[in-house]
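Structure provided below as structure tokens; questions to follow.
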Amino acid sequence: MIRAGIIGSTGYAGAELVRLLLQHPEAEIIWYGSRSFAGQKFSDIYRNMVSLVDETLRAEDMEALSEEADVIFTATPQGLCASLVNEEILARTKLIDLSADFRLKKVEVYENWYKLAHKAPQYLEEAVYGLPELYRDRIRSARIVANPGCYTTCSILTLYPLVKEGLIEPDSIIIDAKSGTSGAGRGAKVQNLFCEVNESIKPYGVAKHRHTPEIEEQLSYAAGLDYQNGESICLNFTPHLVPMNRGILATCYAKLKEGVDKEQLAGAYQNAYAGERFIRLLGEDSFPETRWVEGSNFVDIGFTLDERTGRVIAVGALDNLVKGAAGQAVQNMNLLFGLPEDLGLRLVPVFP
Amino acid sequence: MIRAGIIGSTGYAGAELVRLLLQHPEAEIIWYGSRSFAGQKFSDIYRNMVSLVDETLRAEDMEALSEEADVIFTATPQGLCASLVNEEILARTKLIDLSADFRLKKVEVYENWYKLAHKAPQYLEEAVYGLPELYRDRIRSARIVANPGCYTTCSILTLYPLVKEGLIEPDSIIIDAKSGTSGAGRGAKVQNLFCEVNESIKPYGVAKHRHTPEIEEQLSYAAGLDYQNGESICLNFTPHLVPMNRGILATCYAKLKEGVDKEQLAGAYQNAYAGERFIRLLGEDSFPETRWVEGSNFVDIGFTLDERTGRVIAVGALDNLVKGAAGQAVQNMNLLFGLPEDLGLRLVPVFP
Amino acid sequence: MIRAGIIGSTGYAGAELVRLLLQHPEAEIIWYGSRSFAGQKFSDIYRNMVSLVDETLRAEDMEALSEEADVIFTATPQGLCASLVNEEILARTKLIDLSADFRLKKVEVYENWYKLAHKAPQYLEEAVYGLPELYRDRIRSARIVANPGCYTTCSILTLYPLVKEGLIEPDSIIIDAKSGTSGAGRGAKVQNLFCEVNESIKPYGVAKHRHTPEIEEQLSYAAGLDYQNGESICLNFTPHLVPMNRGILATCYAKLKEGVDKEQLAGAYQNAYAGERFIRLLGEDSFPETRWVEGSNFVDIGFTLDERTGRVIAVGALDNLVKGAAGQAVQNMNLLFGLPEDLGLRLVPVFP
Amino acid sequence: MIRAGIIGSTGYAGAELVRLLLQHPEAEIIWYGSRSFAGQKFSDIYRNMVSLVDETLRAEDMEALSEEADVIFTATPQGLCASLVNEEILARTKLIDLSADFRLKKVEVYENWYKLAHKAPQYLEEAVYGLPELYRDRIRSARIVANPGCYTTCSILTLYPLVKEGLIEPDSIIIDAKSGTSGAGRGAKVQNLFCEVNESIKPYGVAKHRHTPEIEEQLSYAAGLDYQNGESICLNFTPHLVPMNRGILATCYAKLKEGVDKEQLAGAYQNAYAGERFIRLLGEDSFPETRWVEGSNFVDIGFTLDERTGRVIAVGALDNLVKGAAGQAVQNMNLLFGLPEDLGLRLVPVFP
């Protein structure tokens, strides 16, 4: 039985991790952490857990936790995980960080986009980007897994095969993304009140959303660019807030290279994802909808080739709290501990 | 492995049954039935099932199905199940009917409220009302289980202990119920379009909703009345349509009998439900919300005693597609086949 | 041109008042007040007002405001208006208070339900309850109009004719009410976040919501009880939060007095409301839905007589921000200044 | 008083036209047309109109209607208006067509995208595209006004200044648009049921939505291309369905021409729209949200220049039923009859 601790269990991603781990046959949660609610019962904050979780919330003591846990999940604001991690902790336990602290390999990119000094740059090199479909083997032996963000998982997986096989012009990429409101977190902010979000759609973080460099870095690797030495894809990423609880949809546009046809596009997806348990290729002219993946760890992907404009439009969808956060973290945990990758994740999407 | 067939698998309740049975370790679905979509793939209708269900939908042939199945679920419009069932079928297979055909013991009550002639009144006596918390033992040996409706499960379980222990005036009961829109089914009706339901709440079926006599009959038994000979509780039941996908909330009012106090109320709930896996008693002055049970088989119940008016207000909540339909049907299946009652139903509520 | 000032213009009710007054031909807003946002532009807080309102928000100085304004609207938390009002102010200007400070005639009832000491009990006697359909004449000459709450306006208007004509048992009244989320205000609270409210319905304030005594007092007057000397109707009022922006629905239950028939019920509504511009009687067996009144000053009312239980179920609906707050305040302003009662209020409900 | 008739008054756009014309001081509706509901009362279909509209719905007889009306609005499916119009009708009355029949100047483009034979191509040349901000003068003397679609109004107005002043590469344009569900109409289709739309976002009509050629044609004119002789902008347009009633958001991307800076972008918008009553320029780095225009005739536009990618992201928002349909139709009517362009359209956006 894997002993798991969660720092930040009372945010939406943390609570989703609780939901998934409770249904995981080989894991048990031994530490429910929360800065804001320490001392209270978890099920008083999340009343869906009445009769399922009896534990009391504990403070954010990664040191103490590491002595009890086989794996620590940090579902906390940017900067916190980097400020707590050290060699002693890593000697005792595995770390799966759901924040952005270890996702970007270049400290200056992190500091520039997040406006934060990085407290543990010495681990950037070692940390493995936790996208199992791309880095499965490296994750297995990692000490720190940098669990990707929701927008990035969706965007990268949707575009990866096309970039990898060189079918599109790298600098023509535009990602117009849409997210449910749980992505905004559980903080008490006027802008996230029901009446402010309901019956509206808005863009935000236009041309400056922090997930941009994460997507650029990963797609640069896919394109075979020398990212460390300054080569990089540069793209537009525009997120929008949608009045729904869960779901990410990434509508991706790119100019096709001369002569690329539909078969090549379909082939690229097959080459990349055939056999992937959590990626469902809907094929040409069939598009995902967030409702079909809700509650599950699936990413659905479809595409079309627009001959009029010479562009491909590829669309991906996932549940931001599952494949975009907690589900992917469990998938990474399974890899770290040599378990079947889909253990505890054979979740059937809930509809309606 | 229990071989299960579903007649009416493409309605919302039928599709939820698919979701639950796919996650059940001791059951497999061998027949996906649908009148409207026979010949099409199930996953073309419910695209959440892509990669999970490969089967093609088949017509409503209960005769043929009974030769292959250990249990048949009918999630069909009123009247259909009664028109198909016969001795040969019942000799071969168990029947769990999610429609109203076998819920009411009196054929005249059925015909009066449903405006339908009953095609198989000879089975009314034998059929067992499929509310496990009340009829667990009888369900185990039934041939026909009449799976209760969503409003009724919620209303009966909320009021049962109070009626059973004689704490309230039986004829003072008023149930003001609220339902998510999946309860209205998947038929293409203007009144259920997004723009007609969204941003509104309305009552419907006021003083004539068909779930009324079902609640009255069951509470009459609880009160020890001689229902067969005309004694019956008579109550008000008013359903409302709420702009959300899932969930039933039943706000129940009743006059307390002279001298009844809080401890007696709390005691009645304990007496009735202590040890029940799927009933969560929130206790006094703590009330359920539908979001806390979504996706699960739980019923949450809370109450308060209003000393000013001498009334109890008891509130129950459940997910209309799970405990109000498919989950309860699986619970009944487990009883029929001697399995642990919660097998395949250890579902953690999904929030948000 | 009436010069109007609004204290508390950045709450939802205050902002709705701005919307309505901007469209009023005989009023102009000369003071946009806000404690939280003083110094900022109103249209930076409410961006629907870009190009329509250029003013900057000012602090809550009722003294100064009264020197400029013909009428002051207070759309502020309980207690504030009572703490600011005095003779000098009332000598210069009319006051329409959208808070609860002057709605209840008995100071002890106010202090008991609101848990606040009343700062200006000397005006309780004089203040007129601002429900024009009941107190039109008195409002015309008032100095202080106590604008009723949203739940209360809906509940009182729905039940008033039945109580007035003695058709129902006064102590049998149960009001099960449902509200859109704008009624909860614009404060940054976790419980009002989109993800907490969406896809759920819940009761709150069960048996202790502050609108209860306001309804009881007004219905006691209708019943001809000697409220000042302790006679009072005592009823149950249970509010619920619904995932929609606007709208109140009040489902009201009461036992009919012996022999009362449908014609008497219909007659009572006609007697009370024939000729009322803002009350739409839908008649027997036809029920209101909140979507049909959204954005307008209408109250829609329907009812049914349930012969099985001997109860009447009467249902009212209104827009909580219009007839339940700002619209009614404008209606009161029209009365105070001798204008046609519906001036600026000929709003066609917005659907969908 | 302008005598107006509406063919197709029971769709969402038709009903919105009723709402607006009821509040218009110089127009009266003399004909409520409906194929599906002829013979029924309008207020039985749209119960928000109880006490406001007493008329009965009449069949689609444009001939007869033209003898009574000064202006006819057709809010009907594609093809109907073209099949009814003739010289006699146009001699008697003005025609404002809310369908697509007269929006495209080339019959082959219409027939290719709409898969319909055009029944009145002889009027294509004469009909004036009803976008007042671009064609104000020509509209004044038109006999047929082709009222633009919702997506197109939003997309064209957002991009027009940039194309007009040659600041962007015309063939780099990508429009990612999002719409509320009222845009899908009031037809009883499963895909538009509450439970199918709620809690989801999806793209549709990818690379083949019918509004594409309309946008291309208008922007081609703006770019000074010889559209009649085959020159045309070619762009990507991808609509998405959002779980909200009203609203269009168009997120537009384009490559800037060498050396273009922010001031030029801001200047282009000023040049095009300074003084426009219904266009609100939010300026650089400030973006529209659909909630801020709901219920009004406004179009809000903001933009940013992304120096990293050399692209402009310009975003427009409007209410699809007002500026995207009925409001614009009224604006056109005002022009046709020499009235102030904003008469009856000084609508303050409704929020929340």
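Think of it as A, B, C and D in the order they're written, each chain with its own count starting at 1.
Rule of thumb we're sticking to: a residue touches a chain if its C-beta (ideal position, glycine included) is under 8 Å from a C-beta of that chain, and two chains touch if they have at least 3 such contacts.
Since the model is a prediction, treat every value here as computed from it, not as a measurement.
Chemist: With respect to inter-chain C-beta contacts, which pair, A-D or A-C, contains the greater number?
Modeler: A-D
Chemist: Compare the contact pairs of C-D with those of each option in B-D, B-C or A-B, and report the one where over half match by residue number.
Modeler: A-B
Chemist: From the C-alpha centre of chain A to that of chain D, how far is it in Å?
Modeler: 39
Chemist: Measure off the straight-line distance from the CA centroid of chain A to the CA centroid of chain B, and report it in whole Å.
Modeler: Chain centres of chain A and chain B, defined by C-alpha means, are spaced 37 Å apart.
Chemist: Report the inter-chain centroid distance for chain A and chain C in whole angstrom, where each centroid is the mean of the CA atoms.
Modeler: 46
Chemist: Could you list the positions in chain C whose residues touch two or more of the other chains?
Modeler: Residue numbers touching two or more other chains: 12, 182, 195-196, 198-199, 243-246, 289, 291, 294, 352.
Chemist: Which residues of chain B touch chain D once you look at their complex with the stated criterion?
Modeler: By the definition above, chain B touches chain D via 12, 181-182, 186, 188-190, 192-199, 243-245.
Chemist: Which part of chain D faces chain C closely enough to touch in the complex?
Modeler: Touching chain C: residues 12, 15, 19, 22-23, 46-52, 182, 199, 245-246, 280, 282, 289, 291-296, 298, 300, 346, 348-352 of chain D.
Chemist: Which residues of chain A touch chain D once you look at their complex with the stated criterion?
Modeler: 171, 174, 176, 178, 180, 195-196, 198-204, 206-207, 234-236, 238, 240, 242-247, 249, 251, 253, 285, 287-291, 294, 304, 306, 308-309, 311, 313, 315, 352
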